[in-house]
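The structure appears below as structure tokens.
Chains: A, B, C and D, in written order; residue numbering restarts at 1 for each.
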Amino acid sequence: MPNLTFEIYGKTHVRLLQVLRHNGVHEVVEIDVTVLLEGNLADCYLTGNNSQVLPTDTMKNTVYALARQYPIETIEDFASRLGRHFLNRLRHVSRVKISITQTAWDRIGSHDSSFVQSSKERRNAQLFVTPGAESITCGLRNLQILKTSRSAFVGFLKDEYTTLPETGDRLMGTVVDADWTLASGIQAHEFNQLHQDIRRVLLDCFSIHDSLSVQHTLYAMADAVLKEFDQVLDIHLTMPNKHCLVVDLSRFGLDNPNQIFVPTDEPSGYIEARVSR
Amino acid sequence: MPNLTFEIYGKTHVRLLQVLRHNGVHEVVEIDVTVLLEGNLADCYLTGNNSQVLPTDTMKNTVYALARQYPIETIEDFASRLGRHFLNRLRHVSRVKISITQTAWDRIGSHDSSFVQSSKERRNAQLFVTPGAESITCGLRNLQILKTSRSAFVGFLKDEYTTLPETGDRLMGTVVDADWTLASGIQAHEFNQLHQDIRRVLLDCFSIHDSLSVQHTLYAMADAVLKEFDQVLDIHLTMPNKHCLVVDLSRFGLDNPNQIFVPTDEPSGYIEARVSR
Amino acid sequence: MPNLTFEIYGKTHVRLLQVLRHNGVHEVVEIDVTVLLEGNLADCYLTGNNSQVLPTDTMKNTVYALARQYPIETIEDFASRLGRHFLNRLRHVSRVKISITQTAWDRIGSHDSSFVQSSKERRNAQLFVTPGAESITCGLRNLQILKTSRSAFVGFLKDEYTTLPETGDRLMGTVVDADWTLASGIQAHEFNQLHQDIRRVLLDCFSIHDSLSVQHTLYAMADAVLKEFDQVLDIHLTMPNKHCLVVDLSRFGLDNPNQIFVPTDEPSGYIEARVSR
Amino acid sequence: MPNLTFEIYGKTHVRLLQVLRHNGVHEVVEIDVTVLLEGNLADCYLTGNNSQVLPTDTMKNTVYALARQYPIETIEDFASRLGRHFLNRLRHVSRVKISITQTAWDRIGSHDSSFVQSSKERRNAQLFVTPGAESITCGLRNLQILKTSRSAFVGFLKDEYTTLPETGDRLMGTVVDADWTLASGIQAHEFNQLHQDIRRVLLDCFSIHDSLSVQHTLYAMADAVLKEFDQVLDIHLTMPNKHCLVVDLSRFGLDNPNQIFVPTDEPSGYIEARVSR
């Protein structure tokens, strides 16, 4: 008899845009929601009995209906509300995961009701809720950054296939994905400020760090967040090395003192780590 | 005998990142360059005689070599330099088109040499140069905007397949591509400021316009630019209607006073126009 | 008074999947439709008067309703039906453009009702209809091909920025977009076969041609289609040069007799031409 | 003192195309390789000491050099060779993961040296090698399939947000990602045939299954593979429910007996499971 070991399902990419109207001054919240349920769901796989299967279409409807009843103040708070909603009414579900990605809309100038989606960076929250516990991981996606000084890479291992020259001055570019797990007890109104503060610490540390490698800087950034924010229990960073290659201009009788580069998308270095207390 | 009617070729997506260093304070310029040549090129198609074919690989090299010799102050200026370079040395080429798209890197805080690529919006310049004339079209791509008031759509044509309700209050979202043709005589140092000013007029007009349709607002925005800037000869705007659909919550006993929407990517309305003096 | 010069609008990316059922044996047709109207539409831009504006939402509904009434035999035939529908009922419209892209679903084995979407190639039709005339351009998109012999590039123009070596044996890879204009009078049931035949001639010519450049092969392919098919009035081909770069293995004491390559997406050469009778 | 818990790094998306030449008859193998090393790498994070860090650039070079020395017969075999190469020479590395994705190039007709990249489906292999053990997981990505009969969804859980109607006849479309772990001892020359056979069993089962839900069919497909192939130890399938929505044509006085659908990309149902012996 084969053994069925994962029993999870849900709805991904439920898109929602909410307009909050305060006496003519509007705000816009745009999110992309994923709902995933875990539990005793084996029957539908094995026999086609759907009596314990809440349709994923209902999950979608629920997202819209709850947003109407409880306007989205922060994605962390809304994730928690959604997660508890499903857990409370589905006795056979042992764990709910809610993942929300937020697309920022910034006000255009001082206009009351017009907005520009200026950034490709996204804010993220992942909530896990079980009958006994609730945990939240917050973070950001697609934060593309570059430093043009204070980045070296020397003293590395070499073999017969190594052609990379050592360098005391290179560009370091990356696209950060970050996830930090928060202690419980944070209030709904605190999440927005906390997100901004952690993001600023990550960027400042990246900027001033005398980098000996991407790993070295990644650790420094994670460490800075843990040092600064008692509420952060651990932090995971993914920082692929998006290479900017120095162009060889000597063929044309020109020097190139780290001035002209080709930015490339592939291949890229893959660097990540989790740092916890 | 078949007739060969287009004779154009070139290199697309030459990516270049230039670091400009001013006593420890750095700037970063990232561009994507396309070079296209037009002229008496029929022979290579018809007989395989390549004696008039400058390799597209050489075009790529030229982009890097010229950027080293003439640091990129503005994309408009660099496009002009590139275009004239090719036209001057290739007697059989009747027209050169240079298209440059710039990816903005913003300084992180007040740090000297670290940057964030925050926006997915791009700045664009297209230069056409012939032995007798040079013209430049500037613009922007992928400016995603949304207004949540002052947008109506009523009084439209109806037939048996029309189900869209008339509405005096809807969301209007779009992703603007804009191209404006400039009069000659603009100085290299003026392009950056002019770009910012035209962009601001487009956004302000979009924000305050009492819109009766996307077409109506598109025209108002184009008209505002022509009124404000004598240097702009014409302007072309593409403003697809990126629909935000009101979710029907009445099935759940809830109202939805224009508060909960589904943002969609497809299908979308296609709206565009060129307005000239 | 500014001058409004383009007056076109419509709906893009209307996606439709039709299941045709023949006594238990099914067929699937998936298309993506764009409807664009041209005509005397200035009023809606200038004054916001929408009385001549058929909503793009109605265009979408019409696509679905007509597909129900007239099952899609070929995209060319359905484009024609759609185009004439809009032209006939909208007196102020001077021209309708219908563009349809088809995604192929192939039957899985000999099963009656299961399908696999195996290819990323697309079939395309563009119809233009005016009160007096109707013309159809057929074609394909995203046909990715590669030849590993019979491709040379020598005798080209050189200057101080040329580093590309001449080569008598290189890889030639491209992603073909093709559009051919057909004479009138082709019957609906002939389009499918004709599409397959033209595609086969393009592929065969690409395969056997002794290529002296991409331009040289592009012209040979276009010429072969014109020679073989009297119904084709002209053909436009776009064949970007998707470079496969030979890896320099001499640094590791290894030769590389055109065996190990890096396929790249950017930059790429841009090559295109139109050949007509 | 913070705790560093992941210590993994490597190179992703090393693209390689190999031409194998057999007396004028060519074959093309295109792969995308990821190399990831795990081990005692903490020092580079904590102190910037790179003495145990093999540059990811060297990993890239190694991929090319080994492919030249050992032509790629199957991706499974090449993954194993790469994995053992890194493990054998890096004493501080405890585990190597090699992931290879293959893009198929099919011969054009019977031509000796021309090819078409017809499918967007990809073949995949993931190898894990430690000093004591080697395991291989094979699979496929992006296999887009659709069945137009024998698919029902009834008897599911309902609540106040459920609007989905029960249906005995719906379309079921999905994009399969599959990974199966193989027993050791499979010979290099067997991998290609085995891949084809497993793929065929997955497709046949999908086609003939009387589906009561996506989960039900997923399990049947996994079970069929385990029953048919003794070498398969377990199999993981991801089968998102890519919805095709029935268009309501009653507004236009038309019926729609499961004939006209809107294929959608988002939101989608997320369905997955692992089945093992």
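Rule of thumb we're sticking to: a residue touches a chain if its C-beta (ideal position, glycine included) is under 8 Å from a C-beta of that chain, and two chains touch if they have at least 3 such contacts.
Owing to the predicted nature of the structure, the values given are computational and were not obtained by experimental measurement.
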Starting from the Cα centroid of chain D, hunt down the chain whose centroid lies farthest away.
B
Pick out whichever of the two, A-C or B-C, is joined by more C-beta pairs in contact.
B-C
Would you kindly tell me how far, in whole Å, the mean C-alpha position of chain B lies from that of chain A?
30
With chain centres defined as C-alpha means, what is the inter-centre distance between chain B and chain C in Å?
24
Any idea how many Å lie between the Cα centroids of chain A and chain C?
38
Which parts of chain A, given as residue numbers and ranges, touch two or more other chains?
15, 61, 65, 161, 163, 251-252
As the complex stands, chain A meets chain D at residues 2-15, 34, 36, 41, 44-58, 60-62, 65, 89-90, 153-159, 161-164, 211-213, 215-216, 218-219, 222-223, 226, 234, 236, 240-241, 266-277
What part of chain A is in contact with chain B in the complex they form?
15-21, 24, 26, 28, 30, 61, 64-65, 67-69, 71, 105, 108-109, 111-121, 143-150, 171, 200, 203-204, 206-208, 244, 247, 249, 251-252, 254, 256, 258-264
In the complex, the residues of chain A that touch chain C are 160-161, 163, 251-252
